[in-house]
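Both complexes shown next keep chain A, but they swap its partner, so chain B is in the first and chain C is in the second.
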Partner chain A sequence: MNELSQKVPGTAASAESSTPRQDFGRSLPSEIQTFIARPGPQSLLVRGPPGSGKTTLGLALLGAFPGRRILVTNRVSRAELVDDFPWVRLGVADSTQVIDASDRQRGLAEAAMAVHELPKVFREETAKEVSDFMWLPEAVQEAYSLIDSNRPAMVIIDSWDALVEDFMASGPSDHLNSPERQDVERLLLSFMRRSEVTLVLILERDVPTQLDYLVNAAVTTDRVLVDGRLERWLYLPKLRGQRIETPSYPFSLEGSKFRSVPPFRFGKAHTEGRQSAEIMGEPPPEPMVDRVWPGCIDFAMAFGMFEAGTTTVLETDPEVPNSLTQVLVDPPAVQTLLAGGRVLLIPPPGTRPNDIYQPYRAILSAEKLADQLRIFSVAGTEGVAEEAQPVMLPLPRGPGFRTDPIFHAAFEFIRQEGPANVPNLIVRTTGGERALAQVLGLPVTPENFATIAAAYVANLRSHQIVIGTIGDPLLLSLNDLGSIRLQLRARQGRYFLNGLRPFTPSYVITEGDQVCPYRLMRMV
Partner chain B sequence: MSGAPDHSPTAIIVAGDDQTRMLLRALVQLHHIWVEGEAAGETYALELVRAYSPSLLVVDSGLAEGSSDDLVCRARALVPKIRVVLVTPGSHPHNLPMKPAEQPDSTLLRPFRFPEFVRALGPLCD
Partner chain C sequence: MHEPAEMPAEPPSPSLPVVGVAVRDPNVREVLLALIRLNRMQVRGFDGSSPQVEVGPPAPGDSLLVGYFVSNEDAEYFADALRITGGPPSIALVPRDADDRLAEKVARQVTKVVRLPENSQAIADAIRDQLVTTVASSKNSNRPPLTGSRDSV
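This part shows the complex of A and B:
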């Protein structure tokens, strides 16, 4: 698969080596982008269990922040930071001040002793100010010293729990003036609010504290296993003064980079009458031999290509709209047509054949489509433009009609081979076939469905994609047949494409670009 | 630590007493000045001055080793543009060296107030 990325410029993999600064901002949820663009003082909590992506999120926040950037860390040294997050070298490390808090020695006990001596050095009102400052952990004092009072700054403390607990651990609990943790936290916020500082506190404890009420915003990160696949989610429980459009975001840490996924928005091709050529997808990196190019490098790298003589089964969540499966299916269909192969489509009921035909027509001539494309739908040829009539397989009508000729026509069409080594493509929906069977008075059972499916790929040089809802008995009947078996699930406005065979990590479908109508982001 | 950003002021704190040193350090940090290091005596303080060429040297007159007069003088020789603030006990005004170049820029008598320290910082506290 790596070969593929080398052959197709502009793919996710080939873009790894150059990450422009603006990517840091774009990778964050829009609500967080807005938050860090607001003038300080601001304060943000990032809370989540170990390994849920808090540090990487923190680095993404730093990367997106336009002012002075200060990272207080007791987790990684500067060298480790650059090793673990190689992209940091490009955008963050050069201009970020890193304070390694792990080697700081002074704790609350030392601070208490110094405070005891205050009157010898400072007069009363000054002594109070210095005293308050002394109750901050040493690394926080250092971070404060780096703030330029004339310039916005972001200070990230990773992790605040560890830092403050280390600091408090040395403290004399019986000291009269010795502060409690919540006092230290109030002082921290109080000092940081004196300047235009965006303070980010990364927490490991999962218990809400007074900090949750004191800060302007809170973010939680989580990692969960869904059907054995890792998913990471970011939640926005609090953004004071800001409307939260999307309260949750899945995100990926691939390449040690934080990338969140906004809700999927369909491109023009799939929302405005499907008139556009956006459905074409990416061209193949090289001529395909006995394979159908999926029309998307991300798909090919995740799941492989569509081999002739095999079947791909796509199970979809009932919440997945038909238009999304079209987003996935249109590119390989168009690529097959462009290569000279034939395409037979059995769309779901309720789909107007003309809406399927027109986008293809924007790319290919009416003559070519009449030769290479067939649409077999219960909608028949009603409302179809005259030039598109040859593409539609007409339903038999009237008393005494026979069903054999129509299936014969479909089979004969797809049996015809195109240029050498270019397989045909069959896209069947179980819903479409059930609707056809009902109209034609034919039984559709798992047994005959599987038999027909096997016949399509056994005797023809074609690849077959069968689409239905999860748990559909017709799809289950293809268990032994599907060489690729995918599952498409909807969750909180996002669509996850998972490989059941072969087993793959979870992929989130993201908005496409000028090259491809969709992209896949691997959840790692 | 990577040190302060370019063109930001930096400081060395010198005091023989641990608590005094901590307090002076906090005072400097409160004014957004990065502290490169601390020393209890003259010898190590000069090493730090040599290594970091700080823009500010805050010296308490009570050192664990050496003398604050010598330190001021030799630090100036190492970093001519360094700003030197000397902190002395209020009941024992410090005897300043005769040569102006060897004098601290400011002398603060303990206990002192914030505004006095701000004045002592001069152009470093803009």
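This part shows the complex of A and C:
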């Protein structure tokens, strides 16, 4: 698969060399982009269990911030930071001041003793501000000293829990006025609010504290296993003074970079009819031999390619719209047609054949489509243009019809071979099959469905994609047949695609680009 | 992904002048470090029986050295620190009740003397003013700037 990525420009691997700074802003949820663009002082909590992506999120925040950037770190040393996040060198490091607080720093007891000596140095009445400042951990003091009062700054403390607990642990002090943790936190916010500072405190504790009430915003990160697959989620419980359009975002840490996924928005494909550029997908990196190119490098890298003589089963949540499965199916269909192969489609009921035909027609000539494409639909041929009539497999109407010629026509069509080594492609939906069966008066059962499915690919140079809802008995009947078995689920406005066979991580379907109508982001 | 929120890149931070705090008394040293940081100046601390860099990168080149003197040992310690840092301008903080001979000796050793206790802002201003003067004169004399830079990755 790495070979694939090297051959196709614009893929994840080839993107490594692109400028990362432009990625920082867009990789963050829009609400957070807006938050960090607001003038300071601002304060943000980032809370989550270990390994949930807090540090990477913090670095993404730094990367997207336009002013002075200061990182106080005691969880990851400076050296580890560079080792673990090599991209930091390119985008963040040029103007980020890193304060490595991983070594033991002076604590509360030392601060108390020093405060006790203040009268040696200052007149009593002027010592209050300095004494307050001395109750802050040394690394925070150092960060404060780096703030330029004339420029906005972002200060990230990773992690505040570790830093303040280490600071407090050096006590108990016998100094009567030693502060408690919440006092230190109030002082921290008080000092940072003197300037245009966006303060980000990364927390490991999962328990809301006084800080949650004092800060302007809070986000939480989490990592969960769903059917053995990792998912990461970011939640936005609080953004003061700002409307939260989307309260949760899945995100990935692929390449040690933070990338969140906004809700999937269908482009023109959904609202104005599918556009040619959106459905074509990207060309194969090399000529396909006895394989159907999925039309998207991300898909090929995640699940492989469609082998001739085999079946791919795609199970979907009922919440997944047909238009989304169409987004996945169009690219391999168009690529098959472009390569000279034949395509047979049995769309779900309710699909107008013309809506399928027209986008293909924008790419290929009517003659080529008449030769290479067939659409088998209960919607019939009403409203279909004259030139498209040869593409439609007509349904018999009226009494005394025979079903055999129709299926015969379908089989004969797909049996015809195109150019050497170019397989044909069959895309069937269980909904479409049932609708056809009802019109034709033929029962469709798991038994005969499996038989028909096997017949489509047996001894034929074709690949078959069968689409249905999760748990559909017709799909279950193909359990022994599906060489690739995929599951497509909807959650919180996003669509997760993962392989049951072969077992793969979860991928989130993201909006496409000029090259492909969709992209896949691996959840790592 | 979302529409990009393009942020103009800020140029790398220039090297900043650094104040060295060469004070034997750890508590007074903490107080002065806090004062200087509170006033947003870069600071480096020294520790040990002979001056060793405790805070910040161990390199000569401090733009200004601040000391606190209550004994001859303090004066010797400070002299060592001056030598390590290449003899930058310096400010001595001397308690009003300190021995007169010590105060005179220190006055010969440093650029400016501040008697304690003093208003915190007055001390900070004295340090800042001396720092500005030092940096300006080093630029005018084409002398290599006495600067230190924070670590960046």
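Here is the rule we use: the second predicted complex is superposed on the first by the 513 of 524 C-alpha atoms of A that agree within 3 Å, B and C clash if a C-alpha of one lies under 4 Å from a C-alpha of the other, contacts with A are read in each partner's own complex, and residues count from 1 in each chain.
We take it that a residue touches a chain if its C-beta (ideal position, glycine included) is under 8 Å from a C-beta of that chain, and two chains touch if they have at least 3 such contacts.
The model shown is predicted, which means the values in this text are computed figures rather than measured ones.
Of the two partner chains placed by superposition, chain B and chain C are both touched by A:114. In the overlay built on the shared chain, the residue A:350 is in contact with neither chain B nor chain C. By the touch criterion defined above, A:510 reaches chain C but does not reach chain B. In the superposed model, A:33 lies in contact with chain C only, and not with chain B.
Note on chain A: of its two partners chain C and chain B, the one contacting more of its residues is C. When the two complexes are overlaid on their common chain A, residue A:259 makes contact with chain C while staying clear of chain B.
In the superposition on chain A, A:81 makes contact with chain C only, while chain B stays out of contact range.
Once chain A of one complex is fitted onto chain A of the other, the partner contacts of A:126 extend to both chain B and chain C. For the contact definition in use here, the residues of chain A common to its chain B contact set and its chain C contact set are 68, 78, 95, 97-100, 106, 110-111, 113-114, 116-123, 126-127, 129-130, 133-134, 141-142, 144-149. Considering their complex, residues 68, 78, 95, 97-100, 106, 110-111, 113-114, 116-123, 125-127, 129-130, 133-134, 141-142, 144-149 of chain A touch chain B. Residue ranges of chain B in contact with chain A, taken from their complex: 1-5, 8, 17-20, 22-35, 87, 110-114, 117.
Residues of chain A that touch chain C in their complex: 21-22, 24-30, 33, 37, 64-69, 78, 81-82, 88-89, 92-100, 106, 110-111, 113-124, 126-127, 129-130, 133-134, 138, 141-142, 144-149, 259, 261-262, 510-511. Those residues of chain C lying in contact with chain A across their complex are 1-13, 25-28, 30-43, 55, 68, 93, 95, 116-121, 123, 150-153.
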